[in-house]
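One chain, chain A, appears in both complexes that follow, with chain B as partner in the first and chain C in the second.
Up next is the complex of A and B:
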């Protein structure tokens, strides 16, 4: 029982990162209909930026989360202004997908140039690295990762549901043309969505790196798993993104615990296909999005 | 139409430049010197190995040349970078073949070595792959000790310490699969039991579940058969799980940079089966290898201001062995050179003592392997 509980908690932690990636992808997709496959790459870029910032400033974990979130809110805003916005005026959605794949490769290349091919990690935010809760031996960083997901969700919910900016964002998501006619600056709203997705990637990367080692080639698994989580949850749905991410993390964890890694990978993707056959729009998406 | 014309123009320009390149390439082994192509990963993911391998190869060439060369001819190193990509390895190998090099030393990793092997399979020249992970044949050689010997040395050491139940964590790539098979085979031979095993993707960022699978078998020690980052991920998971078991990993992790990277997460006992360049100081002063080892380590330390790790040793020995074969063959004719290299017997290198044959294109054995422990940023000999 203890073994199963530890496996599920480990899966939830990994799934939290997928959820944060899927959340960023879904936010951008709902505002601009661009599937940003490079979202996972920015998680690794943010994590390694966090390591460098920590090395120079020696600040606490929470402070580092804020600093890197601000940096990546700006970085993704620049990406929107310099790449996505000009490209989306000329390119169709399928071409935009290729452009975001290009961004993914570019981020991987930049990581290799700037940080080399060595793996990077960071010490846990809390001095006591491991605690025992109800007989379960858990890393304190688990709580930081889960906490970051919960805080991000609450902040996003408050922004979308309780602010005038959120109203504009929801209007843009529903019908950008109508929103524009009502005086909403759609480009600005999309820019803000990119900034928020940058901040989400940043907190995911900085929170997870103390639990693992990351380097330039870990951008692809994050990009793939984040995308799978977003599709599983239903592209465009925030609650779906979170459900998809957590479910994928737990399914991967349980399958890896009781089978071998290659079989676990096949079974995880097979279960995704099965879910999409039963629910083509994903767990929380709308069929209109699928047919669009 | 404009697009077609532009395409034609580009095509013509490319053809012209290719023709120019072909005309300018003459035999690199020009009668005065022997040119050895060193095709390693100077950039990209395997550069951690490749940079050291090139340094080792250059050091060996300097050593041979300083001693008068080979029958009055000097060794010239022609370096090529495969950027850690098999397709680039093939491209660069083709260039070296055009340049008629006497031998190709490299590439650095299994995938690139396997990509280059067909180019030299029937007519040569000798290709000295620096990865231990291939099965060498025809004109191809492989550096360092083979996986079976490394696994056997590791498990045998543990057996002498009373450890007979081990857990096995390995990656799903070629190196991990080969290693897992070698551990299984060695365990059967030695009477050591693999009580639990789990695999993980080399790019996995968390292996908590797999570690639980391994610890469920209550092993006395854990083998992590992986190289580089995946080992770091495993060591971190072991630390987070609060496990205090001895861990063994592969010789691909005998890198100073990697040791620094995992300094905070190194288990109390982290063992690695290693070739002689990591434990030569334990040899008696009368051993014929000591002078060569001391000279190599001192010169490397002086030139690069660091101790050599895995890469420089294999690069050094590959050039040294090719030089010995050139001396014996008296020419760089591929057939003669292959035959001479196959006849190398008791030849001292820094990695070990080589005895080759037509069926053994590696030349090292279990006697060239001992166990070192990663401790305080260094590799320390602990036994055989």
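Up next is the complex of A and C:
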């Protein structure tokens, strides 16, 4: 029983990262109908940037979260300005997916050049690495990851539902043309969406790296799992993204614990394909978008 | 556009001459391709790999280029060809040629069964479902150790052989790949010019309009998907029998993305586009040992630039540039 509980909590932690990736993808998708497959790659890039920043500045975990989040808010804004915006003026949505495949490849390539092919990790944010709660031995970093997810959700909810910028963003998500006619600067709203997704990727990466090893070729699994979580939840739905991410994390965690890693991956992806074929709208999406 | 219009009827009035000239041009290209291993013997093995990937990418072009949808699952069929060919020859003593054919049929059957439900999905969702196939392919190749040899792969399968003749040397393999590449190119060109090709083009243009005109999108898309799978499977078998080795790395998700990248960079709906894309992506790491490290970054950036600025890929861009110069 204890073993099952620990496995599920571990799955929730990994799922939190998927949820944060899916949240960023979902946000960008709502604003600009672009699926940013490279979102997962920026998680790894942010994590390794965090390692390097930590190496030179020796700051505390929470401070590191803020620093890297700011850096990646800027990085993704630049990506939007330099890559996505010029491309989306010219390419169809289907081809925009290939643009983000290119970005995914490019980020992986940059990681290989800058950090080489060795895996990196980092010390946990808190000195006592493991605590016992209700008889369960849990890494303290678990709480950081879950806390980061909860805080991000609260901040995102406040922004979208309780601020005038959020109103503009929701208007853009509903109908960009109408929003633009009402005086919303749609380009600026999209830029902000990219910045937010960059910050989400950054906090996900920095929070998870003490629990795992990341290197240039972990970008593809994160990109795929984040994409899976986003579609599982229903593209464009924030609550769906979180549910999809957590569900995927737990399912993968449980399968990995009781079968082998490859079989776990196969089962997880097969069930995703089945869901796509049987209930294509995902947990919280609408059917009309999925089928022709 | 208005300056280009008078050129068309002029060319149309002299079809014999232009057809003869293009036939001569094709013959010239074939002769040059046939002489390549004699001129650049050191490049032969590189050219074989290019030819094998060209086959897979050309097949993918039949689906992606003709139906306008992205399939990221080409490695599944490449893997069926490569691993299936390896297992049949190693464990069951099936001749290589028969193994290639059996696996091509098997791939076509799998593609047919998957095609109907999968192709009902729209753009992104089809991309995701096929990406799922790529993930399953890699995981199966890594995890199903008893059958696939796990992470260390499958090795020691024989070279391709017809009867008693074994294609052991690089030039011999090159000519096999060249012959198959030419047959594939001929087939693809034929299909594009046929009613089926036009039906596919109509579906790519506007699926609903095509359906209204009596073209059943599901049937044609499934056929294109099956054809793409068959090409990939044959390419996979050739790959396994040439290298006498196949590992999860050659059927990884990265490789699946690479197939689409090669096609997108080169440009679809032509023969030279896919070839150019494969050449570029395969040549980058070959250029020099230290340069190989830059390959993923450069490939990614090139893809972004090409998709943004050259909607018809590099080859389409070159052609557009040439027409502009000629005017």
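The criterion applied here is as follows: the second predicted complex is superposed on the first by the 287 of 292 C-alpha atoms of A that agree within 3 Å, B and C clash if a C-alpha of one lies under 4 Å from a C-alpha of the other, contacts with A are read in each partner's own complex, and residues count from 1 in each chain.
In this section, contacts are C-beta pairs under 8 Å (C-beta built on N, C-alpha and C of every residue); 3 or more make two chains touch, one makes a residue touch a chain.
Keep in mind that what you see is a predicted model, and the values were worked out from it rather than measured.
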{"item": "First, second, both or neither for A:81, with chain B first and chain C second", "value": "neither"}
{"item": "First, second, both or neither for A:10, with chain B first and chain C second", "value": "first"}
{"item": "Which superposed partner A:211 touches (first chain B, second chain C, both, neither)", "value": "first"}
{"item": "Contacts of A:253 with chain B and chain C, given as first, second, both or neither", "value": "first"}
{"item": "Which of chain B and chain C A:220 touches, first, second, both or neither", "value": "both"}
{"item": "Partner chain(s) touched by A:106 [first = chain B, second = chain C, both, neither]", "value": "second"}
{"item": "Touching partner for A:59 - first (chain B), second (chain C), both, neither", "value": "neither"}
{"item": "First (chain B), second (chain C), both or neither touched by A:165", "value": "neither"}
{"item": "Which superposed partner A:266 touches (first chain B, second chain C, both, neither)", "value": "second"}
{"item": "Intersection of the chain A residues that touch chain B with those that touch chain C", "value": "112, 216-217, 220, 260-262, 265"}
{"item": "Chain C-touching residues of chain A, taken from the complex the two chains share", "value": "35, 83, 86-87, 90-91, 93-95, 97-99, 101-110, 112-113, 216-217, 220, 224, 227-228, 231, 235, 260-263, 265-266, 269-270, 272-273, 276-277, 280, 289-292"}
{"item": "Parts of chain C lying in touch with chain A, wherever the complex brings them together", "value": "68-70, 117-118, 120-125, 127-129, 131-133, 135-136, 139-140, 142-144, 207, 217, 253-254, 257, 260-261, 264, 293-304, 307-309, 311"}
{"item": "Chain B partner contacts - residues on chain A that touch it in the complex", "value": "3, 6-7, 10-11, 13-14, 112, 116-121, 123, 129-130, 137, 139, 208, 211-218, 220-222, 252-254, 256-258, 260-262, 265"}
{"item": "Residue numbers on chain B that touch chain A, as the complex places them", "value": "44-48, 84, 172, 198-201, 203-210, 212-213, 216, 228-229, 232-233, 236, 239-242, 257-258, 261, 264-265"}
